[in-house]
Amino acid sequence: MSKAAGCRGFLHHVFDYETAKTLVIPHFGVGIVFRFTQLLVVLYVVGYVCVVQKGYQETDSVISTVTTKVKGFAYTNTSDMDPRMWDVADYVIPPQGDSSFFILTNLVVTPEQTQSHCPELPNPSTVCKDDCDCIEGYNDPRRNGIRTGLCENFSTTVKTCEVFSWCPLEVDTRLPKKALLAAAENFTVLIKNSITYPKFNFHGFKKHPASCGSRLSRDGSEGNCDLDWWAGKCLPKYSFRRLDSQNQDNDVAPGYNFRFAKFYKRADGVEERTLIKAYGIRFEVIVFGTAGKFGIVPAIVNLGAALSFLSLVPIVADWVMLTCMRKRDLYTKEKVTYLVESPDSEPVSMGTTYGTQ
Amino acid sequence: MSKAAGCRGFLHHVFDYETAKTLVIPHFGVGIVFRFTQLLVVLYVVGYVCVVQKGYQETDSVISTVTTKVKGFAYTNTSDMDPRMWDVADYVIPPQGDSSFFILTNLVVTPEQTQSHCPELPNPSTVCKDDCDCIEGYNDPRRNGIRTGLCENFSTTVKTCEVFSWCPLEVDTRLPKKALLAAAENFTVLIKNSITYPKFNFHGFKKHPASCGSRLSRDGSEGNCDLDWWAGKCLPKYSFRRLDSQNQDNDVAPGYNFRFAKFYKRADGVEERTLIKAYGIRFEVIVFGTAGKFGIVPAIVNLGAALSFLSLVPIVADWVMLTCMRKRDLYTKEKVTYLVESPDSEPVSMGTTYGTQ
Amino acid sequence: MSKAAGCRGFLHHVFDYETAKTLVIPHFGVGIVFRFTQLLVVLYVVGYVCVVQKGYQETDSVISTVTTKVKGFAYTNTSDMDPRMWDVADYVIPPQGDSSFFILTNLVVTPEQTQSHCPELPNPSTVCKDDCDCIEGYNDPRRNGIRTGLCENFSTTVKTCEVFSWCPLEVDTRLPKKALLAAAENFTVLIKNSITYPKFNFHGFKKHPASCGSRLSRDGSEGNCDLDWWAGKCLPKYSFRRLDSQNQDNDVAPGYNFRFAKFYKRADGVEERTLIKAYGIRFEVIVFGTAGKFGIVPAIVNLGAALSFLSLVPIVADWVMLTCMRKRDLYTKEKVTYLVESPDSEPVSMGTTYGTQ
């Protein structure tokens, strides 16, 4: 073969167009089946995947920063304490309004603690008869301090080992039954929420007043964002979660609590502290949401999947045509050529024996 | 039909290979159209979806932990206060450098508050003529304390209801006009940022100095991660957002502020506090970013979508061939067989009447 | 053409069914190749993409809120300080157990600081000979205060410029070598972790005790969620990251530290503070995880991609048939019709010259 002929052959190979031979069946029933199946696929893919599920959209998760501000005060007048007015600087801990904030509702105060010696709280492992029961330097992390080796009178009837610690020790069993700051339910919270969808360069800002009572412990649900149409539809969801878990199953120690101290210095220079075991409600303002916007990659991928399903339609129509139609033998004969591989013989249309099985 | 014949029939059904009959058109124009359309699809899918949009990658969002450290001090000397030097322990609240930190720039100090009685600030609802105007125990959460029932002199000209509260009450209208700690603009912030992409088990670490002035309020933009090629390309975006919202539209109460108190104990044991209404700048160091890495599922899905589009190419080429070419009648006659369903008659090639419509 | 005929033509155009003409090759080898290739694609797509990679699932990222509670105490007895017992209210800063908490292990205490004058710490830029070396009002943010213009004796041998600042100044070079609160390693941390997958409306709750020692600095790995089958499989990953970065490469100032102050008021009304430079371990409890659940869009997209690959199978089988088989010339002749465009001539099957190239 000459070079020119080879080149022409290659060009023919590349640029000859090979197309499928087709048979047109002018049968209304088969046509209806074909078009109807096609319609179903298009409706499903376009209607459900595109319109309902918005498969053509890229998504991005919200990034938010939350500031909160609590307003309100409470007045307490119990036998344990002097009458006292509590304002924001007293009961919001820490004072700066973050997405997570704690509202004090009850407390055990242990005032005037100093680094000194005192007998431990009575308990099977701390009660003693004489100094021999108390090993000096014994240091049990579940107890309250380091033992001095002495056995002292805790009360007129009980002796316990003396410890070096912040004395007097806290007795947290005398927690006021009724929430001291029951008024906390009526405090109001102003939530400022600044949101960003970094992928779409969308920024938003929202204010939202709430009450610390029932409304804050409910979940909000304000939908997600569709940035394709209008930004006004973009409302991230709030979830106000009370971390003291009202659900008792989840919680061995009911109520959220933690200890903190206020430190003072006496006139004689000795450091003293007021230990506070604070019980209360810890709120977490959780903001979540997803924004969607037209994206070329998900759009192409979804369109590609739709086209794939359309390629299944002829299989269904062929099956109907070759199986259910009255003239199926004729259709099979015309559509399918059965190659008979006897030497020298020409192939014959023998679809009748094949296509109808 | 015998069992052996049935089995042979089934084997034929499964293993006979049914292939499409094709017609080769040695027409350069049609071939060009076909190859060119094919090329367009391949270029688009490979070039745009794969190279530009990196559709073959799985993505993961950054998880980061941020620590910040502010450096600098400020000196104030105003008529309201003694000269004072402010250092980090004074103006960064809370002191521990979190991703969110607050720098004090202005403040209203109310020193020596104690739990006691004092007349309310004058206001249409608090001004009184005699004790009858002040209901004892009246407790309005928008006011400052619980009423004692007395009407006292607030000044020589005005009488207001007395309340039990932290007295004297805060007068926050006398906020210094000029920011007290204007020097805050020159403070520097060192940001340490530790990032993780958990799906790809990638860990990174970065330091970043900034100034509290103009630079911190601008957005950073340092791109995203491509973990396929080299990790050096992996720079999450920083966004420094000032939560005091310089945009006045978003903000009814301009400036971010909150109240906190320092508690003291007097020599006589009475608790007193200094209430501070702190105005300032709250920064949130927000780190976002997305890392991408080759993933088998997105790669397959994108390749599948590309193949689907290639299956559209013959439709385009066929349309050109059967509509625009000079010899379209010949092509149609050869490609399409029109089944004439007259009884006993053989089908004839009648594409001329069909394909050109 | 009459209107009725035109309408009939249009109906024919829409509802005539055009199907591909096919050729059946009853050759076992080709059939095997075809079926085997088909099987490979199905196995790969179904087995790998669906079963292993769970491509049919929508995913959602965890949203979690963490509370932590540290237990334990430490006893210190060094020459610098009086013997002291440290409990939670002393060494956990801030006291409220957040996802991020700091445990004090070492500290530099500077007690009894007041706003006053004192000579700076000696340093090439602060040492002076007489008052001329010290410019009054000079204010270097890297130094400790504002210069008064005097040159004072820092010690018997060195004179430094006097500054107005919180005096005496902190000397943080005398950091105790051995961690003061070495006992911190034995503190226990109780982690409560409340998780949500908002897209799937799944809520979970988990408790997890840990020690501040070795176990907390290791990474946990407890897998992700498969919400399709059972919720018990849904365990988000914990990552306990020590932000003091034991990796020395990443850290110029080894150890995480920050400064805070306790404020006191003297009997004479002067405010004094104890400045504490706190060294310690900052823990971040990071919770990440992904939940997957059957989703219609990813399922359709993955199925579509699978179908696309199946459309490649006949190309493989045709290539084998027309290239490798003994009777390839016969197959080509039957399958491919080569259109010869000589005027008036009928096309002939000439696949022999085309298909085998």
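Side notes on the structure shown:
The letters A, B and C name the chains in turn, as written, and every chain counts its residues from 1.
Please note the rule applied: a residue touches a chain if its C-beta (ideal position, glycine included) is under 8 Å from a C-beta of that chain, and two chains touch if they have at least 3 such contacts.
In UniProt terms the chains read A, B, C = P2X purinoceptor.
Since this is a predicted model, take the numbers as computed values, not measurements.
For the pair chain A and chain B, the fraction of shared interface numbers is less than half, so the two copies use mostly different residues to meet.
Rounded to the nearest 5, the angle that brings the Cα atoms of chain B onto chain C is 120°.
Centre to centre, using the average C-alpha position, chain A and chain B are separated by 15 Å. Those residues of chain A in touch with two or more other chains are numbered 12, 16, 18, 20-27, 61, 94, 264, 267, 301, 304-305, 307-308, 311, 334, 336-337, 354.
For chain A in complex with chain C, the residues that touch the partner chain are 9, 12-13, 16, 18, 20-28, 30-32, 34-35, 45, 48-49, 53, 55, 61, 93-94, 100, 102, 115, 139, 141-142, 144-146, 164-166, 237, 239, 241, 243, 245, 250, 256, 258-261, 263-265, 267, 273, 275, 282, 284, 286, 288, 290, 301-302, 304-309, 311-312, 314, 317-318, 321, 334-339, 341, 347, 351, 354. Those residues of chain C lying in contact with chain A across their complex are 12, 14-27, 61, 63, 65, 67, 69, 71-73, 75, 82-85, 87-90, 94-98, 186-188, 192, 194, 196, 198-199, 205, 262, 264, 267, 272, 296-297, 300-301, 303-305, 307-308, 311, 327, 330-331, 334, 336-337, 354, 357.
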